[in-house]
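Several structures are given next for inspection.
Two complexes come next, and they have one chain in common, subunit A, joined by subunit B in the first and subunit C in the second.
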Partner chain A sequence: MKKIIATLLLMTFSSSMFAADVITVKGSDTMVILAQRWAELYMKKNPNVTIQVTGGGSGTGISALINGTTDICNASRPMKPAEKQKLKLRFSTLGVEIKTAKDGIALYVNEKNPVKTLTLAQVKDIYTGKITNWKEVGGNDSRIILYSRENNSGTYVYFKENVLDDEDYSPSCQNMPGTAALVNAVAKDANGIGYGGSAYAKGINEIAVKSDASSEAFLPNAQNVKEGKYPITRFLFMYVKSKPTGAMKEYIDWILSDEGQIVVSKVGYFPLR
Partner chain B sequence: MMKKRFRLSEFLAEKIITATAFISFAFIVLIFVFVFRETLPIFSAPEPAVSNEEMGEQETYGDVQMSDAEKASEVKQQNKIELDEGASLKNLSSDRWQPVSSKPKYGLVPLIIGSLKVSLIAILFAAPVGILAALFTAAFAPRWAKEALKPVIEILAGFPSVVIGFFALVVMATFIQDAFGLEYRLNAFVGGIALAFAVIPIIFTISEDAIAAVPKNLTEASLALGATKWQTALKVVLPAATPGIFASVILGIGRAFGETMIVLMATGNAALVSADLFEPVRTMSATIGAEMAEVVFGETHYNVLFLIGSILFLFTFTLNAIAEIFIRQRLMKKFKGN
Partner chain C sequence: MKSFLASSIMVVLLSVSLYSQEEYIDTVKIPVQDQLDQLKSNDESVNEILLDMKSYIDLARKLKFSGYMQTQYQVSDGIGNGAYPIGAFAGGAFPTSVGSRFQVRRGRLKVQYENDLTFSQYVLQFDVTQNGLGIKDAYINIKDPWVKSWNFKTGVFDRPFGFEVAYSSNMRETPERSRLAQTLFPGERELGAQIEFAPELGDWTNYNLKLGVFNGVLPNSNENDNRKDIIGRVGAILPFDELNFAVDGGISIYQGTVRNTSKFAYTFNELQKQFTVDSTATNAGKNYERQYIGVDGQIIYDIPSLGGISIRGEYITGTQPGTSSSNSFYNPATIQALDIPGGKTKSQIEATSLYQRKFYGFYVSLLQNIGTKHQLLLRYDVLDPNTKVSGSEIGTAGKATTIADLKYSTFGVGYLFHLDDNVKFTFYYEFVSNETVNSAATNAALVPFKSDVKDNVFTFRTQYRFPF
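Then we have the complex of A and B:
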């Protein structure tokens, strides 16, 4: 009996000792797999740190940061001014932004579509509804069927701000509830076009994008994204309340180190360097 | 008379049961209150928008070299000011739903049309199928068929709607597009048919109960007068069960209206205002389902989503109330005499 009690005591004691540092991470669904891989690897190497990762979306993560229910927030879009204001009201800090990885947003078309390259201006006109037929960009004579992400997605917002120059998407744009659903739709729709992370591209063609009519076209591959040549490249962020210290600093430094950045390419995104 | 002994266990059991009943009631009321409370701020003026410049520079951590193009894009984002003008009545009644925009547009018209369109298609398919299946099961089917059919169709009611939605997205959409030669693969029609799968069990179950509840003496009298089985079913049983069948259809519409996952996956979610049944639509429920996770809490967009929730709530509440009245009063009166 005594032995059992002693073991139990030891167990509680030791587990409380090892679990001294708990870091909670919440946010972007785009980043959730990446964040989990980071956490797994890091915990394997540092058993005294526990990292809890949950998704829910960039907006959800940022509100959790504002409400103080998460230590680190993942976001695939920068924080909005209104969100910074809320954070300031609550914690009198604007928060700290950490760029953790890069992501290239690929444009997909069906395998049967003869169009291989588009300029940024053409992509914009297609998505705002000014170009409605594939023949206007060198394809077949058929209507362009637009696929987009839902407006809750960081990718949607990024695409709108940087490719559409903040104009509205055409109302006939079909919003898909996830990149996988979008890829599936384009793979089955000969006249479809969609966008999303290049990590998902299967059974469809990726379009090579030119910044303008005279420049070279680049595919969204690792080399082009890393060098900033592919024109639709974004950062994946982490936000914390104040300059990281202690266990959190060690974790973030590890993510930014070469070891953490290898995970980025394994998951299908692009490292910072 | 024997003196009633006080039994603690009985007393407790009774109180616990009473409490559970009232707790469920309280939950409904609290949800009501919550949804409406979150809607209310729409009617007050929005908070003034803040720009990034006013907020000042955010600290960064880690050193990242950015190319010139990336820097330019970052500066562009930093200087953007969101013009949230709030949701005026004019904005809410416009025909554009673009809540994430430099000038957010919260037009509910396309969403309401979308919900109505999909529900209509669903009910046009589900009602005949459900009612006829119920009539067959209750009036014609041999015992073994009845015992097999009823539970199987009722299992369909418990079928996860994600599965139906995924089936519609992957298999049905292609089939329907090829069969009708449609321009849009995902459209109101595909969504409506998929939704019908979720609605049929509701219509079936309630209609079947209503038909089975038709007193035996009515059927027997009809048969005794020399009417065939078919005549009896169509001219005696069906009219007698009408209030219950009507109620089942109304509950079916309520289900179709509130269903989220199926329409989110199968309708294409484009907020269009058109009468074309083969164009993509965006329904109210799918809008809430898709957008709630990422809105800035407390912003106008958030409140507008709750407004849509309130509309949905009122709509299904009214439908349920109508159905209840039909079942309770009309049907019962009919069978029990005055």
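Then we have the complex of A and C:
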């Protein structure tokens, strides 16, 4: 009997100790390109480590972390108290939050759209449905077509809490499954407006945003985000269940190193330092 | 002449060739244009279909189905008998002559509709087992649309008392709740209305409050008096992220009454160590207190390289109105059926009379995670349904003490294996110990308890849940 118990305990401990060489990463669609680049480069340097990256949205990644089906969760928003509570009940841990990069949430419009700047208040009014025509913000006399993300997206939550002041999105918003799809939709729609990570802004114009009517307008570029001038700036997070150890710790340390942070710039986001 | 002929033939051939090429280009151009028009038309059709589908997708996002099933095999060191129950708090008493069994302990299906715009929620949860179909939850939840920190809930839902009552069975590590929780809150749920303060943002996120008004009967019973019971809990969470450590806890109250259907009201006289009866005629219909106060707490610590450990406990004390043979709460809806007008036998009087007992109970559990798949568990729980009497004082002739006054303690040890995010296996053994009564006891129900009865239970449970 003692031998059986000892064998079971050995199996239990050994399976948990050697599980770290394959690292699974799941979550934010905003971060998926960045996470893939990190993984590709790191695996080239460390062929003994396998890193599997998938998207699905921050909410999906956090659920996977709570379920124990991912080692690392990418999230473009902080975890909510209710999510932390679930993690605590399942694993008796608080989770560890790691800031990996900065991002300016860009506002995209079609290349034909003459509007170049907006105030935060105007952005809020547009997305809550109070402003419905481009001429109200200095554009053409045409209806504003709103593109948004789905509610499992961290960008959706961040934008709602920080730009809309937690007010509801206009019911006319068309929710797109990912940032790439949203950019594509705006690129085709002369009256469209969308938002997302600045790394995706290809084939469309980015709006310069003012904190208020009297302040200067800033584009979401590296300097403005780094200096905190661009008003819609956020951190991109990684969450892990417990303090990372072994291969996972080495990987996260590398992401936070100069080498990992160079990848952040190359992909189009902004390094921490 | 030859050169003229040759030139003429060349011109004719070239003309024919050019004409043929132009004709070819025209024949190619037209289909390509057609195809582009066709593609454009197809694109518009696809867009229309997608827009139509979007309404269904939006509905599917709002309408959520989830559920779990728990099947189990149990074996006891005793055999089910008429003298004392085995496994009554481990999924239901074993039938007579039965020492092992298979069960579908829970088969839950939850249907939830959430409207993001109005912050309202509709929830219906069914339970299907080998015994049939039952309704567990049926409630409406409305979140305040302004500060989004308050919830109003009404219908049938978990009573807001302590930690264990509202801790979902699919998350709970032990197969069943403690004897304490099952005795005080049978079915866990109640019919009523509740407000909850649970902010998601700001300085108050670590504090929460639930306060509700309930019928004070069972979840599947109708109200039987005009008084409502008040149940509430206030809680706080203190996280120390840098230390991988957190403490949380709360204080709960239950302020309620039950209606006596008989004129007999027994209270325990501590000096005489016996129940004394008040048989004033006006006792019939009078309300008697059902009052509990409880504290619950949890400490968690994340052990590096191993996994999180949690120590959780709950202590509840108060006054419980019961009957002669039961320390579960006095439920007029059940008792009334026994309340035969006119002359009653002694057993009928005992069965309908109200017995007030001071009680206390607690549980402490320790859970160690090992990696993400394994959990080891220890739990100790105690229920003393009558704190004024113990051991050999129970069963003394003429004192009216019964099996409802017996103190129980249960020590459980378990191992849980999470195969994936759907499947969980639980192996759990519980050592159940009862207080031993007076060796001279003659009450037939008490006689087996002159020693510790054989009622330990081993449970092997398989759980499947979808989605999380």
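In this section, the second predicted complex is superposed on the first by the 253 of 273 C-alpha atoms of A that agree within 3 Å, B and C clash if a C-alpha of one lies under 4 Å from a C-alpha of the other, contacts with A are read in each partner's own complex, and residues count from 1 in each chain.
In this text, a contact is a pair of C-beta atoms (placed from the backbone, for glycine too) under 8 Å apart; a residue touches a chain by one contact, two chains touch by 3 or more.
Not measured: the values here are computed from a predicted model.
Novice: Using the overlay on subunit A, decide if subunit B and subunit C clash or can fit next to each other.
Specialist: Taken together on subunit A, subunit C would clash with subunit B, as the superposition shows.
Novice: Tell me the contact category for A:Phe91 with respect to subunit B and subunit C: first, second, both or neither.
Specialist: Only subunit C is touched by A:Phe91; subunit B is not.
Novice: Which holds for A:Asp103: it touches subunit B only (first), subunit C only (second), both, or neither?
Specialist: So A:Asp103 meets neither subunit B nor subunit C here.
Novice: Just subunit B (first), just subunit C (second), both, or neither: which does A:Asn151 touch?
Specialist: Touch status of A:Asn151: both partners.
Novice: Given the touch rule stated above, what does A:Asp125 touch, subunit B (first), subunit C (second), both, or neither?
Specialist: After superposing on A, A:Asp125 lies clear of both subunit B and subunit C.
Novice: With the two complexes superposed on chain A, say which partner A:Pro81 touches: subunit B (first), subunit C (second), both, or neither.
Specialist: Both partners, subunit B and subunit C.
Novice: For A:Arg143, using the defined touch cut-off, is the partner it touches subunit B, subunit C, both, or neither? Pick first, second, both or neither.
Specialist: first
Novice: Please work out whether A:Ser63 is in contact with subunit B alone, subunit C alone, both, or neither, and reply first, second, both or neither.
Specialist: A:Ser63 sits against subunit B and subunit C alike.
Novice: Specify the partner with more touching residues on subunit A, choosing between subunit B and subunit C.
Specialist: Partner with more touched residues of subunit A: B.
Novice: Does any part of subunit A touch subunit B in one structure and subunit C in the other, and if so which residues?
Specialist: 63, 80-82, 84-85, 88, 94, 96-97, 150-151, 161, 166, 168, 171, 243
Novice: Given the complex with subunit B, which residues does subunit A contribute to the contact?
Specialist: Touch residues, subunit A against subunit B: 56-60, 62-63, 78-85, 88, 94-100, 143, 145, 150-154, 156-157, 160-162, 166, 168-169, 171-177, 181, 184-185, 188-189, 192, 211, 227-228, 231, 233, 235, 240, 243-244, 252, 256, 272-273.
Novice: Going by the contact rule set out above, which residues of subunit A touch subunit C in the complex?
Specialist: Against subunit C, the touching part of subunit A is residues 12-13, 15-17, 19, 63-64, 66-69, 80-82, 84-85, 88-94, 96-97, 150-151, 161, 166, 168, 171, 241-243, 245.
Novice: Given the complex with subunit A, which residues does subunit C contribute to the contact?
Specialist: 61, 116-117, 148, 167, 171, 198, 200-201, 205-206, 237, 239, 241, 244-246, 300-302, 304-305, 307-310, 367, 369-374, 418, 420-421, 468
Novice: For the complex, which residues does subunit B have touching subunit A?
Specialist: 47, 49-52, 54-62, 64-67, 69-70, 73-74, 76-77, 80-82, 96-102, 105, 110, 169-170, 173-174, 183-186, 264-265, 268-272, 279-280, 282, 290-297, 299
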